[in-house]
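Heads up, the next two complexes both have chain A, just with different partners, chain B and then chain C.
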Partner chain A sequence: MRESKLWALHLFAGGALIVLLGVHMAVQHYPTLLGWLGWPQTDVRGFAAVAARGASSAWAVLYVLLLGFAVYHGMYGLRRVLHEVWYSPGAGRAIDLLVVVAGLVVFVYGLVVVFQAMPVGGAS
Partner chain B sequence: MARPSWTDASPAADRQSRSSGSPRRLPNRLGVRGWAYAGRYPIERYLYTLHRLSGLGLVLYLPLHVWVTGRRLQGPEVWARTMATLSHPVFAVGEMLVLAAFVFHALNGVRLILGHLGYTLGRPAEPVYPYPVALRRQRPLTVALMVATAVFIAAGLWEILIR
Partner chain C sequence: MTMARVQERVVPAQQAAPGGEGAGGAGLSKVVLRVARFDPERDVRLRWQTFEVPYTPGMTVLDALIAVKEHHDGSLAFRSSCRMGVCGSCGMYVNGKPRLACQTQVSELGGTVEVAPLPNHDVIKDLVPDLSPTFERHRKVHPYIIRPAGDEPEMRSPTREFAQTPEEMERYLQFAYCLKCSLCVAACPTAATDPLFLGPQALAQAYRYVADSRDGGWAARADVVDGPHGVFSCHLAGACSEACPKGVDPALGIQLLKRTLLVGPPHPEPAPVIGPRQTPPPDPARPRPQAPPPTV
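Up next is the complex of A and B:
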């Protein structure tokens, strides 16, 4: 894929993350403020709440999208910084390989965590 | 004919790279030092540096966060132990840093996305003195976003402290 397309996707992923990660961070880190807006007050980190979110298809979709966009946006950003700091054709190929492998490992493990938590997948 | 080195920015190498169709690449002489200082930087240049640092911090945090989230698969006891460990003040400070990094990166990212897409910088204009500066046109948005960043970070820190 051409570099300009990879960059455009990085930009799109950044925009999507502002929304998706914004929802995740609001629920996890601003419970009191959300409570003032009428969001039900629960212990968001208690096992019951975590398991309930894990069993929900809507949350699963949000987390998979969040994971995918976060891994892509993060790894592409890391790649751009590394390319700038160490540049030679050999280093460039090594950096590309590194970010693809690291990104795939995190993405696949993240998918396992999301789907194992669902009732059809296993654990809870 | 030998291919030009990626670090060779001599005129001959430049001509060769142009004729071969490969993109011109100049040496990054300052390296990481250039993130901090290379002359009179405007505020946006320091926001760029902070954007990179916060982004690198968030990238390093991502696999750790996925791993911690995966602990829930081992049941309520393991999850409770993990949460107890993470309630240590050291991790609370780390959580504050992650929150601040996210809020800054997201809101500064709004400015960058708008700028990259050609918004907020003004239309191209004839350079008549006093020259219009695109970053100066964007400055009110920059200030508004940084005020919003400070407010969201303060609210997030307050939420962590009262938890």
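Up next is the complex of A and C:
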């Protein structure tokens, strides 16, 4: 894939991260802010609330998207740094392969973490 | 021939005399020149030599170096040609900045001037940098008008004209002032860490031709600039634009090139050739004027 497409996706992932991470932070860490907007105040970090979010398909989708965009954004940044400090033509291919493999490992591990909170037999 | 990359950033011993840059040279009677020397036959790194030359009003750094060469040390090597900021030969690292020696007034630097070869370049001798990598990268981006395949005969032997409005010319005009002096490359932090980076000079020139309404060579240039060491390696430090002695803004060209990669060139199709030729074609019966034989 051409560098411009990878870069455009990097920018898009950055924008998406702001939105998705914003939702995560607002719900998990700044419920008072949501309260000002009329959102009902609950114990968002209590066991029941965490378990309910873990079993929710909507939250699973949000976290998979957050995971995917974060891994892509981070790995693309890492790749750019490595390309700049390790710059023989052969090294370029090795860096790309290393970054793809590392990104896939992190992504799959993240998927396991997201979906192991789901109840057996499917999401609610 | 042995060449050496100047590894260390040269830190000027004294940025300026009391009064600082722009002091106007009032009261200046002599200039202390601290010059980096490098002999590929015996040196492994730069060594420094100090000279004193009498100050004359209007003296440039190049004038001071010429005075050193004429009166102190004839072995001092540096490049120069036009002495008026047009040829781009005398790029040097003067008091911590890449500058053209012929355009840098000694009076603006105070009494002490420190001169080193351009960073991010191998050194051939003393103040002479090896500019061939810059020229090779420049050639890579196809720095000429490329016409569609059917227009090749017209390009080789023009019979008509290309129409271009003043607005279309404005899109690329500032980039056409590039001297190929490589000061922008010397100032570039990315070029300092990534030797495969195309560099601000070549990238800005790629945009110069992409933005030209007569050009149809976007696909060929995109192949070159859209790589891991191409336009997206730029950190946008802006040092290239600050260093350019002709006021070209390579950082802007690089940003516009990124935009072009995402949304396409400013003109979808190259301008067609139009109208009859305004000047009469050469008369084959009349002999062409010949250049006089070279004197050197």
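Please note the rule applied: the second predicted complex is superposed on the first by the 117 of 124 C-alpha atoms of A that agree within 3 Å, B and C clash if a C-alpha of one lies under 4 Å from a C-alpha of the other, contacts with A are read in each partner's own complex, and residues count from 1 in each chain.
Here is the rule we use: a residue touches a chain if its C-beta (ideal position, glycine included) is under 8 Å from a C-beta of that chain, and two chains touch if they have at least 3 such contacts.
Treat the numbers as computed from the prediction; the structure is a model and nothing was measured.
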Is A:V106 contacted by the first partner chain B, the second partner chain C, both or neither? first
Quick check for you: in the superposed arrangement, does A:Y87 touch first (chain B), second (chain C), both or neither? both
Greater residue coverage of chain A in the superposed arrangement, chain B or chain C: B
Check whether A:R2 is in contact with chain B, with chain C, with both or with neither, and answer first, second, both or neither. second
Which parts of chain A are touched by chain B and by chain C alike? 84-85, 87
In their shared complex, chain A is touched by residues of chain C numbered 190, 193-197, 222, 226-233, 258, 261-262
Touching chain A in the complex, chain B uses residues 6-7, 25, 28, 31-32, 52, 55-56, 58-59, 62-63, 66-67, 69-70, 72-73, 75-76, 79-80, 83, 99, 102-103, 106, 109-110, 112-113, 116-117, 155-156, 159-160, 162
In the complex, chain A touches chain B at residues 11, 14-15, 17-18, 21-22, 25, 29-33, 45, 47, 50-51, 54, 67, 70-71, 74-75, 77-78, 81, 84-85, 87-89, 102, 105-106, 109-110, 112-113, 116-117, 122-124
Chain C-facing residues of chain A, complex: 2-4, 7-8, 80, 83-85, 87, 92
